[in-house]
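The first chain written gets the first letter, and so on, giving A, B, C, D, E and F; residue counts start at 1 in each chain.
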Amino acid sequence: MTQYQAFRVELKDRVAHVAIHRPEKINAMNAAFWDEIVDIFRWVDETDEARVVVLSGDGQHFSAGIDLQLLAQAATQLGDDVGRNADRLRRQILKLQASFNAVDECCKPVIAAIQGYCLGGAIDLIAACDMRYCTLDAQFSIKEIDMGMAADVGTLQRLPRIIGDGMMRELAYTGRMVDGREAQAIGLVNRTYADRGELTDAVQALASEIAAKSPIAIRGTKQMIRYMRDHRVDDGLEYIATWNAAMLQSADLKVAMAAHMSKQKPDFAD
Amino acid sequence: MTQYQAFRVELKDRVAHVAIHRPEKINAMNAAFWDEIVDIFRWVDETDEARVVVLSGDGQHFSAGIDLQLLAQAATQLGDDVGRNADRLRRQILKLQASFNAVDECCKPVIAAIQGYCLGGAIDLIAACDMRYCTLDAQFSIKEIDMGMAADVGTLQRLPRIIGDGMMRELAYTGRMVDGREAQAIGLVNRTYADRGELTDAVQALASEIAAKSPIAIRGTKQMIRYMRDHRVDDGLEYIATWNAAMLQSADLKVAMAAHMSKQKPDFAD
Amino acid sequence: MTQYQAFRVELKDRVAHVAIHRPEKINAMNAAFWDEIVDIFRWVDETDEARVVVLSGDGQHFSAGIDLQLLAQAATQLGDDVGRNADRLRRQILKLQASFNAVDECCKPVIAAIQGYCLGGAIDLIAACDMRYCTLDAQFSIKEIDMGMAADVGTLQRLPRIIGDGMMRELAYTGRMVDGREAQAIGLVNRTYADRGELTDAVQALASEIAAKSPIAIRGTKQMIRYMRDHRVDDGLEYIATWNAAMLQSADLKVAMAAHMSKQKPDFAD
Amino acid sequence: MTQYQAFRVELKDRVAHVAIHRPEKINAMNAAFWDEIVDIFRWVDETDEARVVVLSGDGQHFSAGIDLQLLAQAATQLGDDVGRNADRLRRQILKLQASFNAVDECCKPVIAAIQGYCLGGAIDLIAACDMRYCTLDAQFSIKEIDMGMAADVGTLQRLPRIIGDGMMRELAYTGRMVDGREAQAIGLVNRTYADRGELTDAVQALASEIAAKSPIAIRGTKQMIRYMRDHRVDDGLEYIATWNAAMLQSADLKVAMAAHMSKQKPDFAD
Amino acid sequence: MTQYQAFRVELKDRVAHVAIHRPEKINAMNAAFWDEIVDIFRWVDETDEARVVVLSGDGQHFSAGIDLQLLAQAATQLGDDVGRNADRLRRQILKLQASFNAVDECCKPVIAAIQGYCLGGAIDLIAACDMRYCTLDAQFSIKEIDMGMAADVGTLQRLPRIIGDGMMRELAYTGRMVDGREAQAIGLVNRTYADRGELTDAVQALASEIAAKSPIAIRGTKQMIRYMRDHRVDDGLEYIATWNAAMLQSADLKVAMAAHMSKQKPDFAD
Amino acid sequence: MTQYQAFRVELKDRVAHVAIHRPEKINAMNAAFWDEIVDIFRWVDETDEARVVVLSGDGQHFSAGIDLQLLAQAATQLGDDVGRNADRLRRQILKLQASFNAVDECCKPVIAAIQGYCLGGAIDLIAACDMRYCTLDAQFSIKEIDMGMAADVGTLQRLPRIIGDGMMRELAYTGRMVDGREAQAIGLVNRTYADRGELTDAVQALASEIAAKSPIAIRGTKQMIRYMRDHRVDDGLEYIATWNAAMLQSADLKVAMAAHMSKQKPDFAD
C-alpha cells in the first residue's frame, strides 16, 4: 500500500478505509492532501477488490477545511495584471475542484464518517460523498463566507441537492454551526450516533453490507443516481436501458437468482 | 368496463380505482400487468369523467414487484451474439419503462395507497405516481440490488426527486426495508395511517376533494409540476404563460368566481 | 426614500425593510403592487448600502394574494378573437411574473417574514425569496386551484425545489391550509416563532448577521445557489471558478483574514 | 405484407420501400396516412430484415402536405369552452406529431426521395428523415404560414438543425418556393438529380450500400447522431462509451475484420 | 413618432423602419444608441400595426460598432478593488447585452440591411436579427479581438448557430474582413445585392410580403424558431402543441382558408 | 523539448507545431499516440509562450486512424463475463476519448493541416480541433462503419456541429471518401490548397496572425465558442459577462487601444 503524507489508507475485507491524517492540524487540507486524494481515488477506481470506501478524519475532528497557509501562498503568486491573475486563479480553483470530483466520480460508493469539526472545505468534501453519518457532537459550518469568499470547491454546487433550498441559503449566508441532530433533520447526514465508537461500528457494518452486493449492480446504481442529479428523467431512463443492455448479460444475475432460490448468501466476483 | 387479468378497475364518482389484482401472487407484475397498465391509463386519459386515479394492491400487500418468471423467461430468449442480445434487452427494458411512463404522464393525478410489501418494481411504480400514502406496517425496499442488477424501470430516475439524495443512495445500495413511519420522515409518502381501513378512507376523501376541483386547473397544475422536474425555472414560467393564455379563457374561472361570490361549491364540467 | 402606494420601504443599518402595506385589504396585490415591487428591487440592487432585504406584510396577515379586482379587470379586456386574447393574456402573465423575478434575481438575500394568511400569489412571492420564517399561526395555501386555474406566477416553478415533490402535489391539487409547524416540517419555512414579536426580532437578527458579511462573498454565494437550481454540477463548478477568478482578487479576503488573525469583527466596504 | 390505404409498402433486398400512394390527391396526408405511417415504421423497427427505408411519393409529386379536409373536420369538432377546445387541440397536435416521431425515431436510416411538390406537412415529414435527395424540379415550401398558422408537426423543430438559421427564417416567414438546386445549396437535400429515373437509381444504390453494412454499427451510428441533435458533447461521449461497451462485443467486428483481411465483402447477420 | 438621437424611426405600411442615424460617426454605438434601441423595440412589440422591422444604417456604412469613447469612459469609472470593479463591469456588460436581447426577443421579424462597414458590435447586433441581406461591398469583421477582448454582447453566442463552426472560429480569432459574397457563402447573409438601391428594394419587398401574412402565424413561427436555438426537439414539439392549442382557435385560419378558396389575398387583422 | 515516439513537437515563434510522426505506418494511432497527445496538450496549456497549435501529419498522409493492432489487442483482453467486459471496454473508450478531449479543451486554438488520407480516428481528431485546412487531394472517410462499429471517440459527437446534419448522416452511414473540394463545400474544412507547400504556408501565416493577438482575448474567445456548442444563448451571455468582468481589467485592452491610436502593431505579453 502506498504511503501518503496527508492520508492513512487501508484495504480490508473489500472496504477501502481512507482517513485524513493530520490530526495535529485538525486535518486541515494542505497541498499534499489535494494531490494525494486524486491518486487515492484513482487507485480505488482501478482496484476491483475495493468495493466501498469509508472516508474519515483521524483525531478529534473530521477536518477544519482548507489549510490557510495554502490560501495565503496562492495570494503571493499573483502579479500585476488582473486578467492574467484571473486566468491563474481560475485554473487553480479548477484544479482544487478536480480533487473532490475524483471523490464524486469514484465508481464505488463513498461513505463519510464525521466527528467534531467539519468546516469549510470539509463540507465541500462530504458533499461529494455518497452518504454521510456523524456523531451527535459533530459541528458543520460553511465557513467560507467568513473568509470573505463564496465557497468554490463544491458545497454550493452539490449541497442544494442534498439539503433543502431554504436551509441551504441560511447556512451558506451565515456560516453558522449545525450540530449532528440538526444535520440529520435537514438531510445533511443519514443518521447520528452517540459517540465515535458507535459511528465507526455502524459505518463499518454498512460498508460490509454494500461490499457483499454485486459490484456490477452497485456500480450501475451509483452511476445512475449521479446521472440523475443533472439529467432529465427521460434521459435517465434511456441511459439505464442502454447500460443494462450489457449488464443484464452478466453472471451476477444468475449468482443472485441461485442464492435467492437456495436461500444462501450470494458470492459475487470482484 | 373492460375486464383485466392483472387488475381490477372501477370508475365511481369521478374517481378511477385501479387495483393490482393478483393477491395470491403478492401482486407480482406478470406479462399481463405490464401490458394492461398501459391500456388502463390510456383509458383514464381519454375518459373525461375520470378525474383522479387511486392505485392500490388487492390483498395483504401492495406488490412484490416484477414476477421472477418474467425475468427468467427474458433470459432464455438471448442468443449467441452479445451485440444483438444487448439490442433486444434494451428494447425490452424500454418497453417495460413505457408501462410506468403511462402512469407518470397520465394527465389526471394518481394517488398510490400502499399496505404491506412494496418491493422492487413496486417502488418504480409508486415513484411514477403523484402522491403516496401508506399504512404504518408498509414495507418498502429497492429490492433490485439483491437481484444483482441496477433498478431500470424508474426508481433510480424518479425517486431522487422525491426523497433526499443521501438516503436515496443508502436505500438503493443496501435494499434495506423502510417502514411506514420512516417512509413519511424521508418524504417517500405524504402520510401514514394506522391500518388499511383508515388508509382507504383517507385516500378516498382526498381523491374526492381533488375530483371536485376544476379539471382544467388540475390538469395544468400537474403538467407544470411534472415539467419542473426536468426543466429550468425560466422555461417553466414561459410554459405556464403560454398554457394559461388559452386556459384562462375557460369557463372554469367564471364558475369558480361565481361560487366564491355565492359561497357555494362550484360544479365544474368534466 | 421614494413613497409607494402598496409598500412601506425603509433602509436602516444596511437592511432594507420592504413591507406590503395594504393591511385593510389583507395586503392583496393590486396594480400598484405589481409595478412598485419591480422598482423597489431595482433600487435594492443598485443601492450598495442595502445588503439584505426583509420582506413582510403590515397588519395581521402577510398577504391574501392577487387582488381579485385585478383579475376581474383583465377578464373584461378580452375581445372576440381567441388567438389575440391568448397573445394578450400571455403578455400579461409574463409581466406579472417579471415582478417576482425581480425578487428572485435580486443580488442581495431576501428574507420573508410571514404571519397570518399567506395565500395564492403570496406563495408565489415567498417562493421567490431566499428564505422564509413564520409565526406558528401562519396559514399557507396554494389558493389558485380554487379560482379554477393553475398558479402562474412562480409557485409551481419554484416551490418544488423547496419542499418535497409528493407534498408539493398534494398542496397544489387541494389548496389545503398548512400551518407554521407543518410548513417547517416540509421545509417551506426554515423556522417558526411563537408570535410576531419573536419573528420580527429573529429575522432582524438574521438580517444584521448577513449584512455584516462581505458583500462580495454574499453576492457570489447567492448567485451560485440560484444558478444551481437550474444547472448541472459541472457547469456550476466552472462558473464559480470563473466568478472567483475576479472576486478572489478583492480586498474582502484580506479584510476577513486580518479580522480572523486579530480575532476582531471584520468591517467590509459596501 | 399488410395492405395500406395511403401507402404502398414493399421489402426487397433488405430495403423497405415506403411510398405515399394517393397520387390523384397529390399524396395529401389524410386520416389513414397519419395512422398507417406509425404502423409501418413500427413494422420496420421490428423487422430485422429491413435495414434501410426509402420514403417516396407515387405520381408526379412527393406530397402536397396535410389534407385540408382533415383540418376542416378538426375545426368542426370544437365546442364552446376555449379551455376544453385547447385541451382537445393540443392532444390532436401531439398525436399528429407522434406520426412523424415514428419516422425520426425509427432505428433504421430513412432516405427521402423527392420530386415535384413537397409542401407544408411534407416538409415536416422529410425533416424527420435521415437524408433527403430530390430532382431538379422539386418544389419545397413551408406552406403553413399561408394557412394562417405556425407549422406544428416538426418543421420548425427539426429543420433549423438541417439548414442555416437565417434562411430557415426567410422560408418559414414567407413560405416561398425553393427548387432542387437551391435546396442543395442550403443543405435541405444532399444531392439533386436531373429526373426521377436518376433519382430513383441513385437512392436505390445508396440504400443498398447502407443495407450491406453491419446493422449493429448502423443502428448505433443513427442513435448517436440523433442523440447529438439535442445533447451536449460530453453527454454524447459518455453515451457512446456505454453503448459500445456492449456492441463492441458483437460478432460484427470480427466479421468486418476478417473481410478487411481477406479483402472480401463482409456479410453481416440481420 | 418619438424622436431619437441615434436612430431614425418610421412606421409605414405595417413595416417599422429603424435606421441607425449617426452617419458622420460611421453609426458608432454611443450611450444614446444603447438606451434608445430598447425603447424602440419595446414600442415595436407593443404596436400591433408594426408587423415587421427593417434595421439599417444611414450613410455609407451600416455601423462601425461600439463608440470607443463609451469604452474609454467605462474604464475611467473603475476603482481600486478588483472585486467591486468586476461587479460593476459585469452589470455594465449585462446592460449592454440587454439592448441586443431586445432585438432578439422582439416578437416581430427583424430584417437587417447592411452596406459598407459592419464591424465589432455591429456583428453582435445583426446576429440578433432574424435575417441579414447586404450589398456586395459590405465588409464584416469581428473586430473585438483587435481591441484585446472577447466579444461580449452576442456575437460569440449567436453567430455559431448562423454560420459554420469552423469558419466562426477563424473569423473570431483573426478579425479578418469578410465581403458580401463570402458572407453569403458561409450563411452570414441570405442574399447579396449589387448596390444599396437594389438592397433597399429587395428588403422592402420582403418586409411587405411578411407584413401581409397572419400576425398570429408569424409570431408563433418566430417564437418557435427562437425557442429551438436553445431547446430540444421534444421540448419544441410540446411547446408548439401548447401554443397552437390557443392559436388554432384564432380567426386567422378561417381568413386564410376563405382566401385560399376564393383565390384572393387574405386580409388579416393586426 | 521532450521527445515523443508518435509525435514530433516544436515551439517556434509562439506557435507549437505538433506533427504525428509515424509516416511509415500512415500515422496510425498506436498506444504511444494516445498517451502522448494528452501530455503534449497539457504542455501547450501550461506553456504561456505557446499561443497557437498547428496539428499535422508527417509524410504523405495525415493519418489512417487508430492502429488496428491496438483494437486487436483490446479484443484479446476480454474475459467470460459480458458485464465485466462491458465495464472494461467502457473505461477504455472513455480513456481514448480523453485523448481527444485534451485537444478540444486546450485553451489555445488548434489548427489542423491535412493532406492525403484522413480516415476513421483521424476524423475524430480533427473534429476536436478549432479549424481545419487541407490540400485538394485530401481524402476524408468516417471509416469506423466498415469496421462494424459506431465511431466512439468524437466524430459522431462533434462533427454534426461542423457540417450539415443531412450530409453528416450520409458520410457516417456509408463511410464514403470525401475529397478536399467537397470538404470545403460542406464546411468540414475552411479552405483548400493546391498542394502541401501552399497548405503549410497558409496555415503558418494564419497561426502567426493569431499568435500576435492578445492571449487573454483569444483564450476568452475560444472558451466562449466552445461553451456555446453545448449551452443556451442566455447562459452564454451571462458567462461572458462574468468572464469579462475580470478580463476587461487586463492590460491587454490598453495595449490594444494604444496600438490602435498610434497605428502600430500591439505587442501583448504572453
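Following the convention adopted for this analysis, contacts are C-beta pairs under 8 Å (C-beta built on N, C-alpha and C of every residue); 3 or more make two chains touch, one makes a residue touch a chain.
Keep in mind that this is a model prediction, so the values were computed, not measured.
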item	value
Copy pair subunit E, subunit F: interface residue numbering same or different (half cut)	different
Of D-F and B-E, whichever chain pair has more C-beta contact pairs	D-F
Separation of mean Cα positions, subunit C and subunit B [Å, integer]	33
Separation of mean Cα positions, subunit D and subunit B [Å, integer]	35
Sequence positions of subunit A contacting 2 or more other chains	82, 86-87, 161, 216, 229, 234, 242-243, 245-247, 249-250, 252
Subunit B contact footprint on subunit C (complex, rising order)	68, 72, 75, 78, 82, 85-87, 89-90, 93-94, 97, 101, 104, 144-152, 154, 156-158, 160-161, 164-170, 172-175, 229-230
Complex contacts: residues of subunit D adjacent to subunit F	109, 130-132, 161-163, 187-190, 206, 209-210, 213-214, 216-218, 220-225, 228-229, 232-234, 236-238, 240-250, 252-257, 260, 266, 268
Residues on subunit D engaged by subunit A in the complex (per definition of touch)	231, 235, 239, 242-243, 245-246, 249
Subunit D-touching residues of subunit B, taken from the complex the two chains share	80-84, 86-87, 216, 219, 246-252, 269
